[in-house]
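To start, I am sharing the structure in question, which I have written as structure tokens.
When the chains are written out, they are named A, B and C in that same order, and each has its own residue count from 1.
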Amino acid sequence: MTTITTENPVPGTREGLESGVLEAAANKRRKRTYLALLIPGILGLLVSFVFPLLYMVRMSFNEGAPDGVVIDTFTFQTYIKPLTDPYYWRVTLDTFRMGLTVGVLCLVVSYPIALFLVRSTSKYKGLLLAIAIAPLLTSAVVRTYGWMVILGTNGLVNTSLESMGLIGSPLKLTNNMTGVTIGLVEIFMPYAILAMISGFGRLSPQLEEAAGSLGASKFKVFMRVTLPLSLPGVFTAFLLVFVMAISTFITPRLLGGGSVQVLATEIYDQTTGLLNWPFAAALSVILLVLFGTIIAIYQRIVQKIGG
Amino acid sequence: MSEARLFKPRFNPAKPIFNIVVFLLYLFLLAPLIIVFVVSFASNQYLSFPPEGFTLKWYQALPSETIFVEGMKVSLIVAVFVTVVVLAIGVPAALALQRFEFKSKAAMEAFFLSPLLTPSIVLALGMVLLFGPLNLNNTYTGIIIGHVAITIPFVIRTTIMSLATADTSCEDAARILGAGPWTVFRRVTLPIIRPGVIAGGVIAFIVSFDEAVISLFVAESGLPTLPVQVLRYVENSADAAVAALSVILILISLAVVVVVERVMGLRKALN
Amino acid sequence: MTESKLSIVDLTKKYAAGLAPAVDRLNMEVEEGHLVALLGPSGCGKTTTLRMVAGLMDPTAGSIMVDGREITQEPVNKRGMGMVFQSYALFPHMNVEQNVAFGLQMRQVPKAEQKARVAEALDMVQLGHLGKRATKALSGGQQQRIALARALVVEPTLLLLDEPLSNLDAKLRDTMRTEIRSIQQRTRATTLFVTHDQDEALDMADRIAVMNGGLIEQFGSPIDVYERPRTHFVANFIGQANFLTITVGEDVGPASAAGERNYKIEVPGLGHFGAVGASGLTGRSLPVLIRPHRLRASLQPSASVQELKGTVEQVSYTGDTLSIAVRVGDEVLQSQLHTTSGSLPHTGDTAFLSWDPEHAYILPEHAKAVAA
């Protein structure tokens, strides 16, 4: 009969016996493997992401001279103008206000669709979802163009209203903040819908039904059950849209027609028009800081709520 | 099944109203695409309403619009290279992030996803500044490098998701049967995660193909991509040529959506 | 001494510093052609042990030898083993034949020979007709058999099975149990089989290693671990068990099993009985094990045998047998009766319990104060 042996039954090497030797060797091998796998990606991001940003930050401390000449120095001069000139305060405030307006409106129009998609038991649910986010896969340039056609002086809205006799002269819906806002709300809707859907995890029709069967009215069910449970998704969606809105360029450029100035268009004008690279870089740094602060605050809030 | 389902629900007036609201919102969401579609067939010489007649002239004129044809060529070349490069560096990185444990893993993952949280205008400015002294502005290399940053998060996400749902014991089984690391990857891991890799590649392709801001900064004057050409055209002209072009692009995108949805479910790919 | 096929020496795995080891200086010798079951409760380290033998995981310390050759440092893909996973782990993108052929391709077996051996392996698991099927289009039992064929076709040095039956329904599990056992005996593949199902282990294994808390508590034949458990844990884990703490009395001569003695024992305050145990136990206070189906219960006292008198607390009827719980003093003892045996007891009846001395086994040691 075979029994348990406690001493080494087979004479032979006991090299592998030292505690942890094999594991250490394996860990080393593993480390080499994952580093080899990561390095191309890290290099790719260094070249295409980290270096450009670092270079830009450095550039913001240089001095811009006329005709695109950059004076290599280290000065905070470039930051003084955007931080003291009321014009840039206004641009920053406008950017902020645009972000808030677009964020709120986008939530209002996206929420019903997201709710509908989460609750739906239809077999077309997948298709309806695909339709809701399909615009995401068309260029923002194309969709902004569509809004120009709808909102323009001879566009769909104005000609319809005029032919119905509701207005005498065309409404001014493009080349101003109204048009930009409408366009942006629509452009960011798919993102908001997606963010809400994934944040609606805890929301279930059963829960609403349960509340309903306990005698709560539809409105009460919505206010007391549906809305609170969907808040995390709503928060995420708002942040996402806000952050994208304050940095967006194409739509303010096209629908704003040069008369809407936000940080992004200002950065563009400083580069292509005025060739003031250090100043454009300083504006970008300001935008980045704004961005980072908002995201950091948001994460604090999420942690507070979560914990 | 919940018990409530056993009873026929009372008629509830809130429901049709809600459905109508949802329908109208869908209409709003799709309005620019629908309108572009309509005006692309309208014979009005300048963009205006209502359409005066039906025509295909905008479509027929497209092949002779050299700026669009040139732009399309540039965009396609860029998108193809971007897709190849980003898959080649993104899939291995996803593998490292999903299949290995290491201390800086969470930080690494955040790093790879961070371009998504960076305003593209800021990134674009950084690139044009850095590429200046390197003579990369207005070159394919410049645009491709620029697009790699913004597409890599998508590839990493979709690949990690596929890896997370794949049964690792398949890989173990292959190793025990005698396969070395490379063989395991090529013959087992890669075929299993292929849907995620394809979805990531397709998204990278579309994002690169549609990208306007980085292309505008890096290569507006010398090597304009299609979105840059469209942008310029829209700023200067008021006819429906862009509408016809847009319809073509929308149809391409729609076809891609259908394919991706079929392959792995679009929502998973984008979330 | 016969050469072992597999020797495991002081095998230890610590997942993280500070954590208790998942496998703690485990030793085991497996003979060629044997099927050894690693049996134990969840989390006792069975999978960890198996994965270290397979080479999927590096041990913290210890060594593993196959045919007397140290393989502890050999990479997993060079060990030439075969393994069947709980989830089967068939390659989803390959059909049945491609799955089975994979290991042969890795060994660069010529195409023609591959084909023949794949066909042979599929015939062995009676699925020769399914060669071109996609693995998704197979039932659980069929997938299981393909996984077995894939592992066996390479003629592995060791066959490793990690709970291969746990994903199957009860009926199929019985069929597959028999089938795996018969294939194993035909191929004489030395096999390590992880399970937490005692019936499976008793039914299939040549040897059972009962594991607990990273250690092997007992390694022996099914009869051995059932009839002569070394510890309280083993007795309890395999089959049902009654324990009585007794004082071992006089050695009254050799028992029928080699090396064992008959003893008189005293159940404190309740009388003197007979039991068997290892030699030299006289005078010690130890637990005695009596399996429920060997504990006789009757409603009438017997004149000839010494009995324990108790009260029936619970009766549960399962068709063939009747299980009763009888309170005797502070202890509750389980007894199993055949439903054919005369008058059946009811709750509250007085019952008289007795046993044959050879069915009461004195464990050589006490239960550890706190089970590891």
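As a working rule, contacts are C-beta pairs under 8 Å (C-beta built on N, C-alpha and C of every residue); 3 or more make two chains touch, one makes a residue touch a chain.
Not measured: the values here are computed from a predicted model.
Distances between chain centres, each the mean of the C-alpha atoms, put C farthest from chain B.
Inter-chain contacts peak for the pair A-B, counting C-beta pairs in contact. The geometric centre of chain B is 56 Å away from that of chain C, both derived from CA atoms.
As a whole-number value, the distance joining the C-alpha centres of chain A and chain B reads 15 Å. Listing the residues of chain A that touch chain C in their complex gives 1-6, 8-10, 12-20, 22-23, 25-26. Considering their complex, residues 30-31, 33-38, 40-45, 47-49, 51-56, 59, 109-110, 112-113, 116, 126, 129-150, 152, 154-156, 158-160, 183, 186, 189-190, 194, 197-198, 206, 209-210, 212-213, 218, 243, 246-247, 249-250, 253-254, 264, 267-268, 271-272, 277, 280-281, 284, 287-288, 291, 295 of chain A touch chain B.
Contact residues on chain C toward chain B in their complex (touch as defined above): 54-56, 76-83, 85-87, 89-93, 102-103, 106-107, 150, 154. Against chain A, the residues of chain B that register as touching in their complex are 2, 4, 12, 14, 18-19, 21-22, 25-26, 28-33, 35-36, 39, 46-50, 85-86, 88-90, 92-93, 95-97, 100, 102, 108, 111-112, 114-115, 117-123, 125-130, 145-146, 148-149, 152, 156, 181, 206, 209-210, 212-213, 217, 220, 227, 230-231, 234-235, 242-243, 246, 249-250, 253-254, 256-258, 261, 265-267, 270-271. Residues 167, 169-170, 172-180, 183, 187-188, 191-192 of chain B touch chain C in their complex.
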